[in-house]
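Here chain A shows up in two complexes: once beside chain B, once beside chain C.
And now, the complex of A and B:
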């Protein structure tokens, strides 16, 4: 015996619907949806397709006009350039290090915020502040902190006798890249922590009680109960953060402008420089598509992982 | 039932939201279609300027107010952005025609003119006017014999030094050669007068190319040879970079130089943490202003130090141009004429010197900057241009990166400049 499912109007036989209404609803709906379709197509699809179209031409000016068709030439050029691969490698390092640090610190912070202690409400509200700051403000703030002659970091470290003299933090490529990583981690860890906190609050207490009765210690409880139950949330954080980190632009624009010696030039920044500073819009559009493809690739992998995670429950 | 009602409710709500969004979107589209259609020489102008160096924001606002008083039918909206963002802002705004007048650096007219982003104003700018202007300034807006704007800021990087610090290190006369600068710096360092006697604007930005160009000229180098091939990787160009690297290796240059711009240099010397620097005209007044500087009264200005080949200063002039998308070019031209006029420039000479030759004998100008004007008179006739090519930004970026790699010690100066030359040749070919 199949049971009739409630709430599914469209499954009802056509003859049971009021006649005139069914006839008119289609066109009316279409008319009513038209404005939103215009918005969706105008704002999402048109730029997307337009960028794809641009990426096939050697466009070297912001003005409309006729430019030579180069097919996949712009894409091939990207793959041949050492600059492109260096930017990709830097982006990979930035993505990997920020995401890992943000997840690990986020879990630790989430556990702390979930613990019972006095003034927890205060800590919870303070912790969210870095995330609430606009990225541009965050970048400018870290520039000040890291300033070689009057920055807070140099003052702190010399007064604690950790470093003997003031030093330059954004003046060498490798150091600068790591400083940008730190600034990003500082800002985005609270987001991860709040995801984790939300997930922790859904774990039933009786699971922990049962574990304690069985004699499991704190670490064992964490690795056997907490962590496995956090996995879906961690995956969501990973998805969000890798995609965001891969596209990182604003914090770099404010802190280092890609320098020194291109040491902080990520793929999104490289795209910007080629498109707007060098006016190679065709090449820039191709680079933008390469970024989009990479993110799509991540998205597919993560979707699979997430779906598998769901099955286990 | 209640669940069904709720979901119905939700559907209705979201449909309304859709409609609202749609209406808003259509409204925006309609709005953007409006605008334009003003009569000649009146209406609203949007003008783009930069925040730092030369005239201050307050100066520009005051000049503009004066203009509006004289031209009540023209309304000027001012926008200020950091120099580092100026080029990209002009490019991004060009197709939309956002700005009527834009401030262009001496290195951009080749690019902007060849891409028709700024208007050829040769016919509005007669020879009789041009002949009254310093030739170094005129080059700012010239490309292939045509003029694409009027020079407004005539500037070069001068040599600044802290008199009392030199005295403390018993350097009796200010050094007038680069070798002398190094010797003085060594003396100051060894006597503990200052940790890093020199600081430079060597961040990855146009600023590092300005300093490099000054040194390249002093050592007799060339950016390109007569056939247009890169030549900075030999002779003076190479010696200039070797000099830069040496000052970092000897720790007489502040290691923070590689992350500093002109404003950072100004702050560091104003705090008494450096003794000798290169910077634009505007720094003289500010470092000697007690509100801005802890070493006010101690900073003096000089001609750039001499290298084996001479004492050129980098041509860092800027001009005002009419953007091609401007709907109001006559009014824009009126505004440019006013802003670049000798009268206005003489009045605001304290932070930026006029483009007009005769201004340098004008009482008002000489009194504004009595120490600077005699030096400027000489230095402004002795300037080196950065390369004039439409792909300038690409070329400059390549040089910035390679020079910084040499300064960071990742490459030898020779290797870095050879790599840069190869890449620049490639860029110019395409």
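And now, the complex of A and C:
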């Protein structure tokens, strides 16, 4: 369905537009846009500013009242806390490992989906499955598979004599974090693969034929033609997945509740715990802004990539 | 390029391998939902259950009023109402805005579109805390209405982004012809553009539905009772219990996955196309 592609804004030179049109159509545009503006910014804008405001106070309950002004105190407190840095480090690890794995596996899977073989339609239908599965169901499913006493992974590995006895996969911090990475990669690699597939389908066949005439092999063709042409798409996937990984919450909530020993507590989860379990709304708001700033940073990179127009479908 | 036999074999092996890795966890989810409790707790594990039945599904749909069953049923209904309403409202308001972006020229056009887009990327946690405090004051906590309003705030930008692209792909000529025949701009939108944009509207609606159906963080914070609890919250709660009934948990999981899976399979071409283009760009 190629039509659904949101194109870029029309790039007519200003001089080609009838003079004054921008002004004449302004009011109509405003009327048409008003409902959307109200629905979106009516809900988002005030809480966004309010969070900023809250982050400057030592708010420690959900009830309105007067709370002491602490300025940037909440932000400074975060920088001083070891838990904050530990959560940041885990987020960085989670982000890096899921993104790299999803991109590499996504390229391989995308190439496979683009290859010509009987049953390709079937594989494409299968690959969409993990993506469609609700995130919470995915987390619950992996939690059940990794269960220390009755889990399918333990059963499989012992029956194949790969491990001697059942293990607690989510029982130690480091192992649990990696298991969450696997669950996330299983679910999100298909998305990367479909991006890659879409990009592969735009590469003209002639290029491959020319390379083949010149005597280039498969690997050579991949590295000198396919990969360079995929680079813009890969960059987009990298940035989008980084933003998503930075926000990761639901899969961790379902699989480990941030445990064991806070070993899977990423920054979004840490913020949730501080704000809603410990009722430290001021401190939580400051943490939320730190996350938002990081995401904004990646969002700007993303917009730059789009504006450079490197990705053209 | 000529394909050698070895390469063909390699492709098939890779395809089978990928299918197994993808299908195995999901197959286990389905098997667990029909297997008898004794099968699930057996050691060594029986992969093919000795006793299988659909009794858990029957329970959820018509069965005994145990707490779990009632929760799942209510959560499915809540999820459906919340997702459907937020998609309808978002489409209702978003169509006009998308049309403005596609067909009109106005100042700050690109800036405004990017502003909408940036809310789509906004981490929920950045507005969650204040939104929660507001909901407490407005008595919208634990209501479906509160959840619907919040969901509209992230589905509407999505509608604007995808539908403005779709409208732009519809030739202007038809619309111009209608307007020469005396149609107003809004009349042309309803009589000419929207009928032509039906596939795009459908894809956008389905995508929006998936977004709402999958949403967890807002629902976790804003809902607490059967009045508004959605299916992801119900399942997450269920996994947190001490004595988890794995059979029931997997049954709930399969049921919660059915709507998105059916949508994904039936509208595979729309979804894949939309994913690859819409998501890459937006």
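The rule we apply is simple: the second predicted complex is superposed on the first by the 265 of 313 C-alpha atoms of A that agree within 3 Å, B and C clash if a C-alpha of one lies under 4 Å from a C-alpha of the other, contacts with A are read in each partner's own complex, and residues count from 1 in each chain.
FYI, a residue touches a chain if its C-beta (ideal position, glycine included) is under 8 Å from a C-beta of that chain, and two chains touch if they have at least 3 such contacts.
Just so you know, these numbers come straight off a predicted model, no measurement behind them.
Asks: Which partner reaches more residues of chain A, chain B or chain C?
Replies: Counting contacted residues of chain A, the larger count belongs to C.
Asks: Looking at A:75, would you say it contacts chain B, chain C, both, or neither? Reply first, second, both or neither.
Replies: In the superposition, A:75 contacts neither chain B nor chain C.
Asks: Does the superposition put A:258 against chain B (first), chain C (second), both, or neither?
Replies: first
Asks: Would you sort A:171 into first (chain B), second (chain C), both or neither based on which partner it touches?
Replies: Touch status of A:171: first partner only.
Asks: First (chain B), second (chain C), both or neither: which does A:26 touch?
Replies: second
Asks: Touching A:94, do we find chain B (first), chain C (second), both, or neither?
Replies: neither
Asks: Touch test for A:276: chain B only (first), chain C only (second), both, or neither?
Replies: Touch partners of A:276: chain B and chain C.
Asks: Given the touch rule stated above, what does A:148 touch, chain B (first), chain C (second), both, or neither?
Replies: first
Asks: Determine where on chain A the residues touched by chain B overlap those touched by chain C, and list them.
Replies: Dual-contact residues (chain A): 6-7, 32-33, 35-36, 38-39, 43, 62-64, 150, 257, 272, 276.
Asks: What does chain C use to touch chain A in their complex?
Replies: 1, 7-8, 11-12, 14-15, 18-19, 21-23, 25-26, 28-29, 32, 40-41, 43-45, 47, 89-90, 92-94, 96-97, 99-101, 104-107, 109-110, 112-114, 116, 118-119, 121-134, 136-137, 149-150, 152-153, 156-157, 160-162, 164-166, 168-169, 185, 199-200, 203-204, 210, 213-214, 216-217, 220-221, 231-232, 235-236, 238-240, 246, 249-250, 253, 256-257, 260-261, 263-265, 268-282
Asks: So in the complex, which bits of chain A are touching chain C?
Replies: Contacts found on chain A: 1-7, 9-10, 17, 21-23, 25-26, 28-30, 32-33, 35-41, 43-44, 46-48, 50-51, 54, 62-64, 109, 112, 115, 117, 119-120, 122-137, 139-145, 147, 150, 152, 155, 158-159, 186, 190-191, 194-195, 197-199, 208-209, 212, 218, 221, 233, 236, 240, 243, 246-247, 249-250, 253-254, 257, 268, 271-272, 275-276, 281, 284-285, 287-289, 291-292, 295-296, 299, 302-303, 306, 311, 313.
Asks: Can you name the residues of chain A that touch chain B in the complex?
Replies: Those residues of chain A that touch chain B are 6-7, 32-36, 38-39, 42-43, 60-64, 148-150, 165, 167-173, 176, 256-262, 272-273, 276-279.
Asks: Contact residues on chain B for chain A in the complex?
Replies: The touching residues are 3-4, 7, 15, 18-19, 21-23, 25-26, 29, 84, 87-88, 91-92, 94-95, 111, 115-117, 195, 203-205, 254-260, 264, 267-268, 271, 273, 391, 393-394, 397, 400-402, 404-405, 408, 410.
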